[in-house]
Amino acid sequence: MTGRRASLMVTCLGDLFFPEVGVSIVRLLRRLDVAVDVPAGQTCCGLPLFNSGYHADAAAVARRTVELFQHSEHVVVPSGSCAWMIKHEYPGLLSGTPLARAAGELASRTHEFSQFIVRVLGVTEFTAAVPGRLTYHDSCHLLRGLHESQSPRTILGRLKGAELVPLPGADECCGFGGSFAVRLPEVSSQILAKKLANVESTGAGCLVACDAGCLMQMGGGLKRAKSRVRALHLAELLDGSR
Amino acid sequence: MSDAELATPFRQRAGGAMKDAFLQEALTIATTKFIGLRREAFAGFPEGEALRDQARAIKEATLQQLDHHLETLIGNVERLGGHVHYAATQAEARSIIVDIARRSGARMAVKSKSMATEEIHLNEALEAAGVTPVETDLGEYIIQLAHERPSHIIAPAIHKTKGQVAELFTRALGRPAEPDPEALTRIARGELREKFLQADLGITGANFAVADTGTVVLVTNEGNGRMVTSLPRVHVAVMGVEKVVPSFSDLMVFLAILAKSATGQKLSVYTSMVQGPRRAGELEGPEEFHLVLLDGGRIAQIDGPLREALSCLRCGACLNVCPVYRQIGGHAYGYTYPGPIGILLTAMLEGTPAVRDLAHASSLCGACADACPVRIDIPRMLIELRREIDDQKIAPWTERIAFKLLARMLQSPRLYRISAKAGRLLQRPFTRDGGIRRLPLVFGEWTRTRDLPPVAARTFQERWASDRDLRA
Amino acid sequence: MTTRVEFLERIRERVRRAPQRFQASPTRRPAHPAAEVETIRRELAERWPETLEAFRREFAAVAGVLHHVASVDMVPAVVSRIAQEHRARELVSWHPGALGVDLGSALATRGLDVHQMPGTERIGAAEAERLRALVARAALGLTGVDLAIAETGTLVLVSGPGRPRSTSLLPPCHIAVFDRTALVESLRQVGVFLEAWHGDGRPPAGGASINFITGPSRTADIELTLTRGVHGPKEVHAIFVEQPIGG
């Protein structure tokens, strides 16, 4: 054992809709000699409340989260948007409160999944669980919020059994935007249609992303179109034991 | 309730825009082109990033002493023989300009492109006062003939086909016009040249005003800005108070990044620096120069949540990268300024209730903040607006209740678990082959075009709690 | 009507209440811009060929046409050739005092109809009308150049007696004559010149307008198709004279 410990923040969407992503992350981290724990009673990071302007409620949820993870050495998050929320907005939301310092500390110990694998653990070699051609979509919060475009591509570029092809407009939004997807569904759907046209143009069999929201949006569109393209979280792609 | 009844006017306009095939093509081509041009311009310009930081700092520093810099500007404009006027509101601005027009005896005013004059709805006021306003920027000229408003901050007629422009010209001028941009440009040149030479009054906006020297700066490509500020007897420049910069040294920083951000050009064709009325011995230049300083809601934001939006250079870069703007175009927004910055400006100028729907016309992707030459954090201010809308209870009560319930649920693991179980039960009639294709109520907005994964038979936390081998 | 005092007071109140976001200052200004201008001139005098080369590249990129002649008496031949290409004869020009040289008779000899703009004399209203109509009719406009910016391919023209704005604006073909003393490398350097002209130095002329001209007039307002010569000139020529014009 490396002696490394990490807590998994599974996220609300991950917990409810994509539990297999959480399972893959646990298995992957164990294989990399990281001891994993999952603090009980997780709900959400509060981003949906925050983005819609309900900041007092978002702060209440943030307080819960900070307390829940205060003993974690590292916190690994499968979604760039949730990681961003904790790292960038928690300190501000809880400034001037007794948990201000803890929030700042949590921010520095929290990592999005691909960042944890590459930048913290320094691991970049994996075998693809799903072989063949794949393409990668940059989630907005991971790309522009956490300034991360490299870690996922490093892993994907070196993936044994897979060929990474660039996605045209990879850095363009998929149209999810949280409640935006149901507040302006026509616009959200048209943005999605353009994204999926780009995806189909790559000839890839697998679309990879690091955010549950993006995967819900793009996966939902691909399924509706009965596309042969599968939308997968990076962790699922790396977890050969499935 | 039917979908049409649920939809807001904004949603209806957006929907209409997405069904307009030409608009869709025009938007895709134009925004893609602008994005590419901007990227190229900054790729070959390594100093660009540092200059953007500097531009941000200049704007912030100027705001910190805005009264001082404006006083300096006013003193210098007057020293050069110009007159300065103070407009607290749109109505006041209109009144000041109409008054100047009346006193000048002008029957016709030539206008250079100015979003500020669009904002205050000047043209209608001039017409009502018997002064014919003639837009001379080609794009503005086209939409004036079409009785429309601009659909993009720097390319106002981007939504029009050359066929539509030819038709407009044919109807307005009484002679047939070919649907060819060269030919149409020649026609506009001829028509408007007459107007430039005859007009008594020229009206412009101002991209910048250099406080230290009383210089008003206009950035254009066509030459109409130069015409309008040199040929008529009277020149009126309308300017938001936030456009002032302290010195020429500051101005050069903005000039280095403005055109690159807007169109990818290193500089626009004409940067005109106007320093009051003509001097003794000059053949041309106005005899009277008026600077109208416009508040219209800007001043209140100096210590307000939208303060950063006061740095806007009106380059349009955020429009071009916005996934929402790119689908719906400028008219759907329904106000003078469209796109990401447009939502903030509308809130500033018309009040927060005006953006009840527009504040949510964003997926918060952040492409706008990335593209902004002065690094305005638009998404953060959009969230701030959404917060104001909730605090002021402007949001619909159904929504507020829904979010209250969500908040409750997310603060209680017990309620969260119960909700998951309830979700699993309620979704059963709608689940087919492991997917959900149709849902009622607001969730139907999702399923109209996308499948939804069902709530998992066992959530991750349930599996972790019960699966020994997962925990081991 | 809002008064200045009320207006500024409203701003002052808000400025006082606003929390400072971060320490920010405007751009550092040259303490002695005129002296710095001299330094820039001295340094540029040594590398004017490189600066000219950079200017040529950027000028061409904005569809400007650069000509290079050895001395100022070769300028009329170039102008005449341009006029012939346009099948035109009417040319308006800055006053010789502003150009730094009198090309009137040399141009007339080549068949051009030359109208030089008046210098510092007072112009009556009728004369001004006549001149305006003349300039509006002319095919060619001949001016000097106060600064030629290599970074962007820009010509900077200051207005004043003898150097009206319309000469470089109304005729469809603008021809600008300059020598090495006008060449500068960057926008940053131009900032120093502007500070000097308005500070401890003096501007090249006493007019109320300074124009930066970067190529011919253009628009892409119709279907993003680029067209030139919308309101301003359709063509811009710059004639670089190797031997400094003033002598």
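Going by the order they are written in, the chains are A, B and C; count residues from 1 in each one.
Assume a contact is a pair of C-beta atoms (placed from the backbone, for glycine too) under 8 Å apart; a residue touches a chain by one contact, two chains touch by 3 or more.
All values derive from a computational prediction rather than experimental measurement.
*Asks:* Considering only which chains touch which, label the overall pattern as line, ring, star, complete or other.
*Replies:* line
*Asks:* Central chain, going by Cα centroids?
*Replies:* Chain nearest the centroid of all protein C-alpha atoms: B.
*Asks:* Which one of the chains is farthest from subunit C, going by Cα centres?
*Replies:* A
*Asks:* Between subunit B and subunit C, tell me the centre distance in angstrom, where each centre is the average of that chain's C-alpha atoms.
*Replies:* For subunit B versus subunit C, the centre distance works out to 31 Å.
*Asks:* Distance from the CA centroid of subunit A to that of subunit C, rounded to the nearest Å?
*Replies:* Distance between chain centres, rounded to whole Å: 55 Å.
*Asks:* Which subunit C residues qualify as touching subunit B in the complex?
*Replies:* 1-4, 6-8, 10-12, 14-15, 17-22, 24-30, 58, 62, 117-118, 120, 122-123, 128, 131-132, 136, 151-154, 159-162, 164-166, 169, 187-188, 190-192, 194-195, 198, 206-225, 227, 229-233
*Asks:* Using the touch definition from the top, list the residues of subunit B that touch subunit A in their complex.
*Replies:* Result: residues 11, 14-15, 18, 323-324, 327-328, 360-367, 369-370, 383-391, 395, 403-404, 406-407, 409-413, 416, 420, 423, 435, 437, 442-443, 445-446, 448-456, 458-461, 463-465, 470 of subunit B touch subunit A.
*Asks:* Looking at the complex, which residues from subunit A come into contact with subunit B?
*Replies:* Touching subunit B: residues 10, 12, 14-19, 21-23, 26, 38, 40-44, 46, 48-55, 57, 60-61, 64, 140-141, 144-145, 171-173, 175-192, 216-217, 219-221, 223-224 of subunit A.
*Asks:* For subunit B, which residues are in contact with subunit C within the complex?
*Replies:* Going through subunit B, the ones touching subunit C are 26, 29-30, 33, 54, 56-58, 60-67, 70-71, 74, 80, 84, 86-88, 92, 95-96, 136-139, 142, 155-158, 160-162, 165, 181-182, 184-185, 188-189, 192-193, 196-197, 212-213, 215, 221-224, 226-227, 229-231, 241, 245-253, 255-256, 263, 265-285, 293, 295, 299-300, 302-303, 307.
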